[in-house]
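Down below is the structure, laid out as structure tokens.
Naming follows writing order (A, B and C), and every chain is counted from residue 1.
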Amino acid sequence: MSVWSDLLSGFGTVLSPENLLYAAIGVTVGTFVGVLPGIGPALTIALLLPITFSLDSPTGAFIMFAGIYYGAMYGGSTTSILLNTPGESSSVASAIEGYQMARRGRAKAALATAAIGSFVAATISTIGLTLFAKPLAGLAVQFKAQDYFALAVLAMMSVTALVGRSLVRGVLSLTLGLFIGLVGLDGLTGQARFTFGSMELFEGVSIVIVIVGLFAVGESLHVAARLKRLPETVAPLGASGEKWMTREDWRRSWMPWLRGTAVGFPFGALPAGGADIPTFLSYTFEKHRSKHKAEFGKGAIEGVAGPEAANNAAFSGVLIPLLTLGIPTSATAAVMLASFQGFNIQPGPQLFEKSGPIVWALIASLYIGNLMLLVLNLPLIKMWVQVLKIPRPSLYAGILVFATIGVYAVSGSVVQVLIAYGVGALGFVMRRFDFPIAPVILGVILGPMMELQFRRTLLVSNGDLTVFFTRPLTAVLLGLAVFALILPYLPRLIARLRGRTAQRLAFGEDD
Amino acid sequence: MTAETIAPKARRTPVGPRILGGVLVLLGLGLFWEAWRAEGEVTLGGPRLAPIIVTGLWVVFAVIYLLRQIFAPAADYPEPEGEDEHADSVHTPLDWKAPAIVAVLLAAYALLLEPAGFVLATGAFYLGVTRALGSKKIVREVIVALVLSFGVYLAFTRLLEISLPEGVLPL
Amino acid sequence: MRSPALSRRALLTGAGAVLAVAVTGCAKKSGDAGSFPSKTLQLMAPAKPGGGWDQTARALQKALTEAKLAANGVEVYNVEGAAGTLGLAQLATKNKGDAHQLMVMGLVMVGGVVTNKSPVTLDQTTPIATLTAEQEVIVVPKDSPYQDLAALMNAAKTAPASVNWGGGSAGGTDQILIGLLAKAAGADPKAMKYVAYSGGGESKAALLAGDLTAAVSGVGEYADLVTAGEVRALAVSGAAAPAKLPSAPTIKAAGFDVELMNWRGLASPPGLKDDEKAAVVGLVDKLHASPQWQQTLTDQGWEDFYKSGEDAKAFFTAETQRIKAVLTEIGLA
């Protein structure tokens, strides 16, 4: 088959001691920059891109680039897990269970399942990319505005599990996220909304600022408020001779890895997909399916394994519209597009014909970068968990410094730094009063997508609402959304229909 | 300090959630008003509908939250069972002093970043925060502050080519 | 040019130093007095890292350094927000009279000043030069009934609700071009149904999925799809067909008197003395003539669009008037 021979020649170009060295440098530098809170993969790549440009061959640059990418992703997950300070929306889901695992002395297992899960997912999805890039490219442009709207509604309804213990508090968190998403100039008309006369708010509050504020700053303030009640160390390390993952961990991780991959890859391939929504979907899915439901919220390994796999699988998916149509669907992809152009490579339908060898070299680089990550980072886990030994005052002072640099470096504006601190104060209040954080992120991501696609649909259809029901794809997605909404209540509804006294159905109770 | 002296007088309903509920309702109403009085017609496809829906939702749920705090506080915040040392809940007294100091330090840091420069502001901020968070090892923190502020400044400006404010130091 | 071996070594050291967060190299080279630039040039990209202005700024940084025109180095910094008008405000207020400050700007900022009702306008800067430009292209799907621009504009004139135009953010270059076209075709610019997307990629997907009748974007965005036959280019907005789309007709050739270039240039803070301004313009003139900059243009596929000094000033003013007029007619000013 030609795909395999192409790939093989790609490996031929890539496999040289020199290139392996580039991969190793890329992975290491990417990891170290990626661990800084507030500096996620997209920014890491943007920052390190100039280094790749200084290489003489595009192949060397690509392989280093793949290394930087995987390193940055993994670095971001590391801080999410160890310190509850994710740097990008796609690592928020793994922070939920990962941080709880770290608090209970299982940091090594969490980091290991993240690293191995990333490897498994990236490998499978890169194979998927190799085989299905062309057919899936066609799928991506089947989605019209109303389908995106329906997809956003479906995603929103599917992740209700993130709402947490109380419906009222969960919805309030979600509303806060939706509100933050509204701030700025309206994407369709340019009308200013909730900007209160300040031009600093015209482009809205960036998701990075929301995440850095809610997590890094909010967590630091929360720690400050509990100094006297917290134990001496940040979290126990676990026994030093302990294995990364126990047999039980493996048994509980491998299915979430595969399921996360299955969710992440196709989602990434949709324009406007990106990696964040599938990580939340994977988290919810694992929570629903798990035999260890009670452990969720207290450090269930499935809740790290699934989202981490989805996150990495989504990346290969994101490459499909990027390579075949030149459509970047995530911040990281947009940065990659810029870098391709720096090498005079124009992604698009002709890419495989015009620059075939180099694309196959890129795909081969992904395999190698991915392998290099596993090889380098599994042994490094021992070192990363040492971060937890840093005395608390120094650790959180450092987190605040890096959070500030992260925001300042992207925006160049003290006002944005102050906005991040303000969001941090909100995060503190939310932690104190037990409001869940994840719905805020969800609202910021899904709210604008729902609103803009809904209005685009109406604009295109000249105000005709029936397009939401007459198009089969849209109708199916909306139907699934309704199903996802009632699913958790289904057992009780059935019980009621059968005439048994329903248990408490009071508003806001747990299920 | 405060945490020990004002120990929780057993089983009093915490007042924090009620205050928060009140603040949320007022804030929600303010934002709803802002959405309501914006320019232009409210149409299905226009920019005005979503703000009204979202802020409306906010007000409704904030009112529900407030009512629950007044009439059934235990439903939202049950008394903690057992003695989980790390657990933070509305029942434990809020030690506001350290977070307040950190918040002030943050504001000062942001405002001094450009005039004083990254290195000075960061060094001072780091020392202040470690102190506020209870570090007693002054010498060690001073060394860390120096290494951190200079190291990060040089790494970012020289290697990553991100400019950070120079400020008063001739770097 | 550095030799590959050298740059590779530099890279390795660089990487090692990141890891070690090495505390070295803080000594600063002292500049030779009298000649410009006498200290580090500060180059502002009024957008986030990775965007068009940022790329331009970094390309300028590279070319200035390699052409040895800036002995004390060039620093790029980003001030993100509001179509560059936040950066503009900062340049006009904080950096007044500082000849070593420069800002990358362009047509998008001209539009942003109008749509954002920015209190600071380009009149408050010292115009230095325009550097590069990209043409816009109007495309339709390959199975579209519209074979030429005249047919499309005729439909837009007689039944504006039947044509879904798509492009970048509201009030940006793409919508400006549609407004100018509508005016030239005798249609009502305000009646044009414009669907805004946050980036070229998003509108591209929408065009391919069939949501849009026609899309407008930079030539680079669609050149590959046009060549592959996935979409049809009806017209390009420059004076002659660009290298990437050699067979596309210009809007003028299609019968409408519209020309629009998405240009990028440089501006200095207000309050520069005449000799300072002359020095900055002289530096940019030298840069433009350098083989390094010409190489950058070739590498990046940017069209050379050079006007400096008084020419640039006159051009800024003319563009501001024209853009303001059309945005007012669309109803965005």
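We adopt the following convention: a residue touches a chain if its C-beta (ideal position, glycine included) is under 8 Å from a C-beta of that chain, and two chains touch if they have at least 3 such contacts.
For clarity, every value in this text was computed on a predicted model and none was experimentally measured.
Engineer: Which chains sit in contact with both members of the pair subunit B and subunit C?
Structural biologist: Joint contacts, listed by label: A.
Engineer: Name the chain with the Cα centroid closest to the overall protein Cα centroid.
Structural biologist: Chain nearest the centroid of all protein C-alpha atoms: A.
Engineer: Quick check: how many Å separate the C-alpha centres of subunit B and subunit C?
Structural biologist: That gives a centre separation of 38 Å.
Engineer: Rounded to a whole Å, what is the gap between the Cα centroids of subunit A and subunit C?
Structural biologist: That pair's centroid distance is 31 Å.
Engineer: Centre to centre, by mean C-alpha position, how many angstrom separate subunit A and subunit B?
Structural biologist: For subunit A versus subunit B, the centre distance works out to 24 Å.
Engineer: Could you check subunit B for residues that touch two or more other chains and list them?
Structural biologist: 152, 160-162, in rising order.
Engineer: For subunit A, write out the residues touching at least two other chains, lowest number first.
Structural biologist: 33, 47, 50, 186, 188-189, 409, 459
Engineer: Could you list which residues of subunit C touch at least two other chains?
Structural biologist: 14, 18, 77
Engineer: Using the touch definition from the top, list the residues of subunit A that touch subunit B in their complex.
Structural biologist: Touching subunit B: residues 33, 47-48, 50, 103, 166, 168-169, 171-172, 175-176, 178-179, 182, 186, 188-189, 191, 193-194, 196, 217, 220-231, 391-394, 396-398, 400-402, 404-405, 408-409, 414, 417-418, 421, 424-425, 428-429, 431-434, 447, 451, 455, 458-459, 463, 465, 507-508 of subunit A.
Engineer: What residues of subunit B sit close enough to touch subunit C in their complex?
Structural biologist: Answer in residue numbers: 147, 150-152, 154-155, 157-163, 170-171.
Engineer: Where on subunit C does subunit B make contact in their complex?
Structural biologist: These residues of subunit C touch subunit B: 14, 17-18, 21-26, 28, 42, 75-77.
Engineer: For the complex, give me every residue of subunit A touching subunit C.
Structural biologist: Residues 25, 28-29, 32-33, 43, 46-47, 50-51, 54-56, 140-145, 185-190, 199-200, 202-203, 271-272, 321, 325-329, 334-335, 337-338, 341-342, 344, 346-351, 409-413, 416, 456, 459-460, 462.
Engineer: Which subunit C residues qualify as touching subunit A in the complex?
Structural biologist: 2, 4, 7-8, 10-12, 14-15, 18-19, 44, 48-50, 55, 58, 77-83, 85-87, 89, 115-116, 118, 161, 164, 169-171, 193, 195-199, 201-202, 204-206, 208-212, 220-221, 223-225, 227-228, 230, 299-301, 332
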